[in-house]
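Both complexes shown next keep subunit A, but they swap its partner, so subunit B is in the first and subunit C is in the second.
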Partner chain A sequence: MSIELHNIRVSYEQSGHSLLALDDLHLTLEQGRVTALIGESGCGKTTLGKSIMGLLPARARISGTIRLNGTPLPLGDETAMNRLRWSRVAMVFQNGVSTLNPAYTIARQVMEPLRVHSGLGEHEARRRAAAMLKSLDLAPELHERYPHQLSGGQIQRALLGMAMILDPEYLILDEPTAALDPGARALVMDLMRATRRNGKGVLLISHDLDLAAGADTAAVLYQGQIMEILPGPELLRLPRHPYTKALLRSFPGIDTPRNLMGMRGEPLLRLLPGKEVPNAPAGGGHTGCLFRERCPQAVEACAREAVSMQGNGERRIRCLRGGIVPAIVLEGVSKSYDRIKALHETDLTVYNGEVLCLIGETGSGKSTLAMIAGGSLLPDTGRRLLHGQDVHMLDRKTQNGLRADIGFIYQNPLEAVSHRLNVFQIVAEPIRIQRAALPGPGMEALVVAALRDAGLPCEHEFLHKYPHELNAGAVQRLCIARALVLRPSIIIADEPTSSLDPGVQAKILKMLLELQTEKGLTLLFITHDLGVAGKIADRIAVLHKGRIIELGPAEDIFNRPAHPYTARLLQLARAGTARSREMHTREPKPGLNNPV
Partner chain B sequence: MHIQYVKILRRDPWFLFAALLAGLLLVILLAGSWLSPHDPFDISFTPLERPSKEHWLGTNDGGMDIWAELLAGLRNTVSFGLVAGLAGAALAIIAGVVAACRNGLTDHVLMRLGDILLALPSIMVTLLLAALFRPPAWGLACILALLAWPGPAKTIRAQTLALQGSLHVQAARHMGGSPLYILIRHILPELFPLGVIAIISRIRSAVFMEASLAFLGLLDPMRKSLGKMIQHGLGYYYLDIWGNWLLPPLICLCLLLLSLTLMGVSLEKLFDPRMRETNQ
Partner chain C sequence: MDTGSRSQGLPGLCAAYLLAALALLYLSYRLPRLLPGDFLTALYSGAEASLPPELKEAYRNQAEALITRGFVGYLNDFFTLDWGRSLAFRKPVRELIFTALPWTLLLLGSAHLLSTLVGFFAGVESAWRKGSLPDRLGVSLMTILEGIPEIGSGVLLLLVFSLSLGWFPAAGAETVYSDFTGWQRFLDVLHHLALPLGTLFLAYLPGNFLLSRAGMLYAINAPYMLTAKAKGNSPLRQRYLHAARNALLPVVTRFGVRLASLLTRALTVEALYSYPGLGSLLCNAIALRDLPLISGIVLVTSLAVLSITLILEFAYQKLDPRLRA
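Take a look at the complex of A and B:
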């Protein structure tokens, strides 16, 4: 028993061209399950809901089939659709107040489907409507009020009551929690749970990822195409599509330490020239992946080849590269210095576009691991793969050229630049070194672009300044510009802000993260400061005595540390904060400076 | 930081004095033949003449013009010092950098060789070689250079090792810079101060050594030299020649050594932060 959407394509006709809202969409809504549809606004979520309801506006063109429990929906036939609506498939619309009639009380509007579809008498209908509204926590004195007399949350409840009054098989909830406070949100969640228990199917349309994570299946919609389908519980923890990941990063979750970073670029409007042609190829005239412009791991083929959903069952993904790919893979690398084992055999994968923090105390092997990952230190054992290539198998020249893809930022900016070089020479140094590998625009243009990226002025005068004329924050920005000048895809930052004061540190970190988002960089960040790690990391690896003892999403490390050492680190960090706070709140003891 | 070097040096009175002295000596040296109308080897004048308009410092026992002789001697002494000093400093820089860059056997061999040379008293070796083989002056300068490199080489090696561990050199290496690039762009510029100090100190000791060897008569007797003039003049110490024959070369030598020493000390003070005075 399910609603099956097969090859759905919806476009809206506008003057002279049409706008593709849904494309190549295959989705199954099963009974007894909650399916969440998530995505940015304008991605076609509501269009999908309205398609199922047969409520698309007249200028919309739909193709493909929708089957309700095996029988195709009579999409063109208004009378047949009217019979299905509310009784078998019901939808709660967004913008509650505008969907209610201002001239009727809510009780009246809730009982309307009962009277129209079931032909119940007024008295019985009113009784059932009152019971339904009460079960939704709406007090009886509110039932006879008009929509404008109610709050947003109360209206949302009335709408829910209206949708459920006929006990439909499928319930489509369009942004049910957008206007609600947390208490009412819990109510919606309870309601979803109850509906699922009763064997109904729920399609939850939402941009609230926490809510979506409670669903059985989550489908991620981008620009009218489903990018990833995955089990709800894995949504927050193991997204595989770069878009899903970027979406997570934008969402202000309570447990996710790092968020609100957003993603680069804006979605393209998918305008089709002229009128919609029947049986047009998927993609609507656009070839390649729709997300490629904003994707940190897009390759050339992403713009050329049509991308279809891959995989089957619980997890499906629309990505030419099969989801987020690893940027650096280390397999069994180890390093000793004079018989002291700095790093035991370690495996580490750094994924494209992520921020991975290495934390641990001094001498735990953080820097050694990072230097091995960056290719500036040869491990005693093990392999290193950069973008899937085993680096040591390549010839020297190619290996050296690959260095252009990795930028380094160091702990002590003033020592990391030669004080004999001026700003221009410092930033241009990687270009000078790698000049063989550099086609394209001139050196000066690259330097200026890098300086601008790092938030530094690029006037002629500034280019000829020497590092000692700048403050530490500016020199660190200079180092960042130098790391960026060859447009690398990976940045390795070794305690880049620990020598800076908190004000400058905040600015530099913010800029680094913005750059990471805008340029889709992969950032390997080494720090001993858990506070910093918590603010920036997607994943955290904890090192202790040359081993990675724990590796996982940042929120797991912070909220559910698995290793006692991690727990101890967190405890110490928190205790440190508490202690310093205590110093200020405690009553001053009588003493020399505080006579009684 | 290096921009401030010039500023600091301009405020250092000792350095200014030394530089002025050195400049004066250099002008005298370069203008040599214009300043003296006579040929230093011309023996056609009356011997042991008192200073006059014709002969500013008089003449010596052989009837040569002392002023012309002084100029020629100064030129020879300084050029000997320059050859020996520059060659020695070059050797020191090469040995120091090579030892630091190719650590292992090369480093070991070079440094032990340096230890042996440091242990030998170079003045004795030079005396012996000069007495036994009577080499020409430039040959002796080369021998001196060969004996004198280990001291500065050790400093330069240590500095190079420290530089190789420094963050900006590491950064250049991370960018894919070749060892040659790093040497030219990062290490040699940083070694420049040490190189200057090494050159000045080598020149100073070479000048002193030349004067000593010439005084002892171990250099070509036909070659004009400050040391030789002093030794020659001392043969007539009982006559009234102090003012015009003995003192001028002595003063020249002293001023030369003084200016080199002061410059060396000033530069060392400048480049070594621990020696830098607190007031600047």
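Take a look at the complex of A and C:
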């Protein structure tokens, strides 16, 4: 028993063109399961809910089939639809109070479906509505009130009661917790659990990822197409589509220590010229992946080739590259200096578009690992794949080209630049080495763009300044500009802010993160400072004595460290903070200025 | 109908209206005597009508008596329905008003009620079919009608249906010197009522139609209408129980607000068709400088408007639960 949506396509006609709201959509809502539909606002979530109820406005065009327990919905036949509405599929609309009629009491609106569908008398209908509302903890004295006299939480209870009054087989909840406090949220979650237990199907439309993670299945919708379908519990931990990942990075999870990163760019509006044509190809005028402009790992083919859902069963994904791909893979790399083993055999995968922090104390091998990852140090054993290619198997020219895809930022900016070169020469050096542009206006444009990205001035005088004329923060920005000048997709930053004072450090970190988000960079960040790692990392790898002892999402490392060494590091960092705080807050001793 | 009176609740509301009524009464008591000099001379200067000397004397005495009795005496007279004597008609003002009032009530009431009902339902149906041919035609027609004053449409109707076609009588409220009874009389009254009623109906209809339509369009697009549809309500229930119920509010407000301006508009139409209502009476009274009659009519009508507004205030709170604090 299920609602099956097959090849659904919905567009809204506007003056002169139409807006594609949903296309190539296949989804099954099974009874006894909660299916969550997540995505940004405007992605078509509510349109999907309304499609199932047959509530699309007149200017909407829908094609495809919706089957309710195997029978196609009679979408054109209002009378037949009216029999199905609410009695078999009911919906809780978003925006609470405005979805209730201001002219009638709560009880009257809750009992209305009983009167319309079951033809019950006034008295009996009222009795049942009261029982339903009471079961949702809405006190009897509130039943005869009007919508404007109730609070948001009470309204939500009334809406839920109204939706369940006919005991429908399927329930569509549209943003049921958007405007609610945690208490009312718990009620919605209880109710979803109970509904599922009773063998009802629930479609939960939400942008609240924590809530969606409690569903059995989560479908991620982006601009009308489902990007990924995965089991709810895996939503927060194992997303495979770059969009799902980007959503997670934008979501203020309660456990997440890192700053909110957001997502680069804006979703494209899928406008079609002229009126909707029947049997139009999927994609609606846009060839290729809809997310490619905002995707950190988009390749040329993403713009060209049609992307369809791949995989079957529990996990399906719409991505030409099969989901998030690794940028750098290190397999069994090790390194010794003389007889000292700096790095034991280590595996490490850095995924596209993520911020991976390597943390560990001095001498733990983190810089060695970073240099091997960046290709500036050859490991004694093991192999290194850059964008899936074994670099050492390639010819020299391709190798050099691949090198340009990685930018380096070093710990001490003043040592990282030659003080005999001026600003222009420093930033232009990688271009010269890579012969990426001829000297002249092309080269200058690249340099200016890089300087601007790094937040530096780009006037003529500044280009001819020498490093000693600049302060430390500006020199580090200069190094960042140099790392960015060849437009790499990977940045390896080795303690880039540890020699800076906190004010400058904060600015540089913010800028790096913004660059990472806006340019879709992959960032491998080496630091010994747990505070910094927590603010920026998606994942953290902890190094100790030349081995990675723990690797996982930043929130796991911070809240549930698995390795005793990690726990010790955290404890030391926290104790340090606590001790310094104590120094300031200790009771002042009585004295001249502090009379007892 | 301000929010202040509403928040005071029922007793406060009644007190406010009572105060307003007292102020009106005091004005009508005081105002004629504020005219400088001999008010009878001032009253009849430049008028074709004049009073014979013995009537002048009688009226002076009447006015004198009023002043000596004071405002309380005036109030007493008013509530015992002793509203003085008309100078021109030589009858008690009360009698004149009570003879004219039923006709005005019949004409105004039926025109107002009919135009509101027809306007409301036509507006609701038109809005429901927004953009269709009947809707577009309706809106254009009503907009044009809104621009024609009742004096224009009245003269036109009179010319076409009475003077040229001869279908309807041109004047009066019933056939004079006829002894119609029962049904015959009823039909005769309707026959006479048709043209003035039609004129007023055409004058009031566009406003009601356009207001209902606008309110309905607003209600149709409200989120609760989607809920109403989702709940499986039939289109008729959606339209009237859910949308029109909310579009009713501004129409009822207009019903009340309009009452005050009705009389002045009816005046034209009553005069045009020589309909024996308050409007014609007032018209005549002004032409004949019949001060007791003028102040009697003005006082009675303003008090009537005041009390209807008070009644509407309660009806309004009944209709819109949001106004009940």
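Methods note: the second predicted complex is superposed on the first by the 580 of 596 C-alpha atoms of A that agree within 3 Å, B and C clash if a C-alpha of one lies under 4 Å from a C-alpha of the other, contacts with A are read in each partner's own complex, and residues count from 1 in each chain.
Here is the rule we go by: a residue touches a chain if its C-beta (ideal position, glycine included) is under 8 Å from a C-beta of that chain, and two chains touch if they have at least 3 such contacts.
Everything numeric in this text was worked out from a predicted model, so none of it was measured.
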item: Superposed partners subunit B and subunit C on subunit A - clash or fit; value: fit
item: Partner chain in contact with A:N400 - subunit B first, subunit C second, else both or neither; value: first
item: Angular separation of subunit B and subunit C about subunit A, which is computed from CA centres of the superposed model and rounded to the nearest 10 °; value: 130
item: Partner chain(s) touched by A:S41 [first = subunit B, second = subunit C, both, neither]; value: neither
item: First, second, both or neither for A:N471, with subunit B first and subunit C second; value: neither
item: Partner chain in contact with A:A90 - subunit B first, subunit C second, else both or neither; value: second
item: Contacts of A:Q434 with subunit B and subunit C, given as first, second, both or neither; value: first
item: Overlay on shared chain A, then closest C-alpha pair between subunit B and subunit C (Å); value: 60
item: Set intersection of subunit A contacts, subunit C complex versus subunit B complex; value: none
item: Residues of subunit C touching subunit A in the complex; value: 222-224, 226-235, 237, 242, 245-246, 319-322
item: Touching residues (chain side subunit B, partner subunit A) in the complex; value: 1-3, 166-168, 170-177, 181, 185-186, 189-190
item: Sites on subunit A touched by subunit C in the complex; value: 50, 53, 55, 78, 82-87, 90-91, 93, 95, 98-105, 112-113, 116-117, 146, 148, 162
item: Complex contacts: residues of subunit A adjacent to subunit B; value: 374, 376, 400-401, 403-404, 406, 408, 410, 412, 415-420, 429-430, 433-434, 466, 468, 479, 482
